[in-house]
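Here come two complexes built around subunit A, the first alongside subunit B, the second alongside subunit C.
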Partner chain A sequence: MSKLNLDNQKIQEKMREVARNLLKEKKVDLIIGYSEGTVPLSSAPVFIRKEEEVDKLIWNNLCYVNLAKYLIPNIKENVDGKLVDLKVGIISKGCVARSIIHLMVEHQIKKENITIIGIKCNGIINRRKIEKEVGAEEIIETYLLDDNFIVKGKDFEKKFNYDEYMNELCKHCTIKSPPKSDSLKDIIVGESQESYSLEEKFEDVIEFEEKTPDERWNYMKELLQDCTRCYACREACPLCYCNLCFVDQNLPTWFGKTSEISDILIFHMVRALHLAGRCVECGACSSVCPMGIDLSIINRKINRIVKDRYDFTSGLSLEKLPPMMAFKMEDKQEFMLEED
Partner chain B sequence: MNEVIIEEAQEKEWEPKIIAFLCNWCSYAGADLAGVSRIQYPPNIRIVRVPCSGRLNPFFLIRSLVDGWDGVLVSGCHPGDCHYISGNLVARRRFAILNDLLEFFGIEPGRVNFMWASAAEGERFAVLVRKATAIVKKLGPNKKFKKEW
Partner chain C sequence: MIEKLVDKKDIPKLVKELTEKYNFYAPIKVNGNIEFKRVENVGDIELNFFNSKIPPKEILFPRMETLFTYNINGKNIEIKEPEKSEKKNIIFGIRPCDAHSFVLLENFFGFGEFKDKLFLNKRKNTILMGIGCNNPRNTCFCTSLEGHPFKKEDMDVFLVDLDDKYLITPITDIGKEIIDALSWLVDAKKPDLEKAMKLSEKAESLISTTLDIKDSYKILDSQFSNPIWKEISETCIGCGTCSFLCPTCTCFDVIDEEDKYNNKGRRIRIWDTCQSCLYSLHTSGHNPRNGGIERCRNRILHKFSYYPTNYGLIGCVGCGRCIQLCPVNNDLRAIIKKMNEINKKEEKSIIA
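Now for the complex of A and B:
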């Protein structure tokens, strides 16, 4: 057994224990966590209400779903025709916790109803990349061995370097378990990260910015041309909780429904704009994309803009206002036209 | 006779079409002042009056490019002078992010221009419209983002 595997197993056991205790002490009514997926290279969300079901919870390097997505629909329960607040415990790696914090900042969920069960995440395997490499072969088993992710099929076995086949966003991740702060002390149980660096380097974004406009345009066209606009990225995103999304509105229609490249780009551009100062870089959008499009470069760019201009990193504090909810008289305006 | 007209039209330089979103309280009045003061500015802009620059959804600006406008110009009150107190300050953050993102996607900088002009600045309005038109003219027709079908 490798160290990574042992780590995961330890986390899994501890996580189950914490969840069991929370349910036993009736501190929570519901626990949202990960369970074994029905197809290889996947995991599924699970909703646990009874102590004996706790063993369904798993933790491995394929838990790509952002569980915060399931909070808003499950935070209330219909009891005799009345909506009652539920107490929810949620298994959280760093990015899930950050989405939860951001949802609290946006007043979508109440702090007193949530218990964050913090766990440490070493990075999620990029399953789309592995699916591409494996091709149509049937996968029977996957496990970690040393620094490699092993995929076993009927008559093949493939090794993938863990660091290389990690999600792009996980490679840059610095906040691996729920960020610790005074305002969150009472809602985090389990593991939490006390210190984290806010010095993001954004090497990949800077490298991309150095290309010429035409190169960038062509890259974006190539990256997004496969998009069928199934909106799986929107559905997986914990912060896309609008009841009526702009893509569903048809009075007026905001953009065409054709597969023409400008219709695709307009969706991705506005999706990115709506996530400005909100995206927590969990990578859920890329993981669920059926066409295997990696949206990380766009999400990271929008975070870089916000960081550079307004010095804000989403999902770290309950007090700081997100940049798009605030303004300052002295904001930079170097892009404005001025008389010579 | 017809041939002469066609030839003349072909010889004529290409002129950009720019959609200008002007806020009702400052820039629209500024454009009006430029008009009544008989200050010349290029006829390339087509004005859309909006209640405030904060009314502008970034979508309007992107959509204008997709619809085939060669350039977009947005003008509002100077920071601090907004009729609705802070509409233009909120808008400024949106514009800043939109501007950076458009550039990142490879849209030429200068396709979408932003400016402030107050109701008393007819001269400034004309100067900046001239400048914006010159920038867009230099970039040429909007081919990248225009929807072809």
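Now for the complex of A and C:
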């Protein structure tokens, strides 16, 4: 059996044990995790309320949804006619935990309601890329063997190198389990990560930046032309929690809603700007896109700017204010016009 | 014999002749996805495909459609309707499930006093040359909805993929006309028909999902506040994937776009979805479908309760797109099974 597979199985066993104990000791009312998907290359988020259901929880390299999405609005339940906040245990790979931390910084979730069940993620499989490469054939089974992700159908078997067919964002990830910090230690159970590198070369972004404006425009046009504006990217994003998204504003309408390229582009660009200094690079937006559009380069570009200017990486600490929430006199503002 | 044959290597010839006379749409690979697009180059057509991601409803009911444009010149307002194509459309390669979805769309757009002429005219001018499904997938369940991977009835011309050639059967008069015009096609022989028959049987046997949906509407009518809606919607993130990629979903939003500086504008319609927060939002600010529970319920009831009640048809064709593409794998098959369990529970309580 492959090492990756063994790792996953160990993680899964430990995760179930932790979850079972949390429910048994009534430390949480609910566990949010992943369960087996019913179609190939998928997994299904699941809400577990009873100890005997804990074995539904799974962990593998197809657990692509960012579960932090389910924490907003706060999950409540009717107890004796009153709506009470539930205590939630949430299965958290590094990026899920980072989203939770960032949401706490933005005062969207209360620390006392959350237990982070930390697990170490080795990177999520790029399901849309594989699906496109397989094409017309039906996938029946997938599994890991050595360094490869094997995809099997009725009359075919294809090998995809795991490192190559990982989500683009996972390739750059160094924070694979919840980041350790003093202010979080009482809410993290299971795996957590003490040290991680925040060095980033942003080679992919630099390569993109070196293109000519025409090339960049054509790249974006081709990338986004199939967008149906179903907003799966937005809905899967834990940090897109606005009650009314800018693009849904209709009194009056703020942005065009057509599937013309200019309207599509402006939606994705403005959404990316709203994620500046917030995006945790979980890749959920790309994994859920039904058309297989990989948005990672857009968010990486913004993250590079944030890193260069403010030396900030989101979702690591409860104390450090994100750049868009803080103003410093020494912040660069070369866009301001100087007074004579 | 009315059945004809065309060698796969002669498909370009067939397409070339038809593109001269018709707006010819066929499956084409765009960015790795199969979509039904107007054919510019014969070589772009991809016939080794399962089905398109975006259903071919897009040709008649596009993601975005201009209803009219206007120019204002002082007190004169000039309104222009979009130009109509002189040619008829052919949709080549459409699957039987999607062809059946056109029947549902016609019901919706042609219902009641106000007919949607834009859609209905296009439908009238569209010829379906479909291909049977030799390899339906695990997510297919057309046979549970009176469909079949080789159902011919909703097409004008029906093709069967016989490996190196296609068997062509004209179904309607217009289908016969088209095939007669392609005088170079050769007659099919008995073994070809037998092979097609066998493929049809094999395809049917490959459909592993059977769901009991026919009578669901009777029970759903009284299940508006059943707790299963909460269960079903719990993990739904509220995107529009299921409805945008559904061949039977028809909701649209009408938008006026004004170009004030140039004294002109346009009225367009775009796809809408019952999963959107703006859907059914009243002017007062009240929204009867304000949360995930109500929105998920609406999607299911619309297909399996309102459609059967209003049109006597089930609003689903069993293509499986929503099952394959739901970001959180909220499987329609599981939802239908849950609905049927209410059925059984109710029956039990009635007997008891």
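Rule of thumb we're sticking to: the second predicted complex is superposed on the first by the 329 of 340 C-alpha atoms of A that agree within 3 Å, B and C clash if a C-alpha of one lies under 4 Å from a C-alpha of the other, contacts with A are read in each partner's own complex, and residues count from 1 in each chain.
Definition applied: a contact is a pair of C-beta atoms (placed from the backbone, for glycine too) under 8 Å apart; a residue touches a chain by one contact, two chains touch by 3 or more.
Quantities reported herein were computed from a predicted structural model and do not represent experimental measurements.
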First, second, both or neither for A:Y231, with subunit B first and subunit C second: second
Which superposed partner A:I305 touches (first subunit B, second subunit C, both, neither): first
Partner chain(s) touched by A:R216 [first = subunit B, second = subunit C, both, neither]: first
Partner chain in contact with A:G292 - subunit B first, subunit C second, else both or neither: second
Which of subunit B and subunit C A:I266 touches, first, second, both or neither: first
Touched partner set for A:V79, first subunit B, second subunit C, both or neither: neither
Which superposed partner A:F255 touches (first subunit B, second subunit C, both, neither): first
Which of subunit B and subunit C A:K328 touches, first, second, both or neither: first
Interface residues of subunit A shared between complexes with subunit B and subunit C: 256, 258, 260
Residues of subunit A defined as touching subunit C within the complex: 37-39, 42-47, 65, 69-70, 132-133, 135-138, 140, 222, 225-226, 228-232, 234-236, 244, 248, 250, 253, 256-260, 287-288, 290-292
Parts of subunit C lying in touch with subunit A, wherever the complex brings them together: 30-33, 35, 48-50, 53-54, 63-64, 135, 137-139, 234-235, 237-241, 244-245, 253, 255, 257, 268, 270-271, 273, 276-278, 323-325, 327-331, 333-334
Touch list for subunit B against partner subunit A, complex: 58-59, 62-63, 66, 79-80, 86, 89-90, 92-108, 113-116, 124, 127-128, 131-132, 144-149
Residue numbers on subunit A that touch subunit B, as the complex places them: 208-209, 213-220, 246, 254-256, 258, 260, 262-263, 265-266, 269-270, 272-273, 276, 301-302, 305-306, 309-310, 323-324, 327-329, 331-333, 335-340
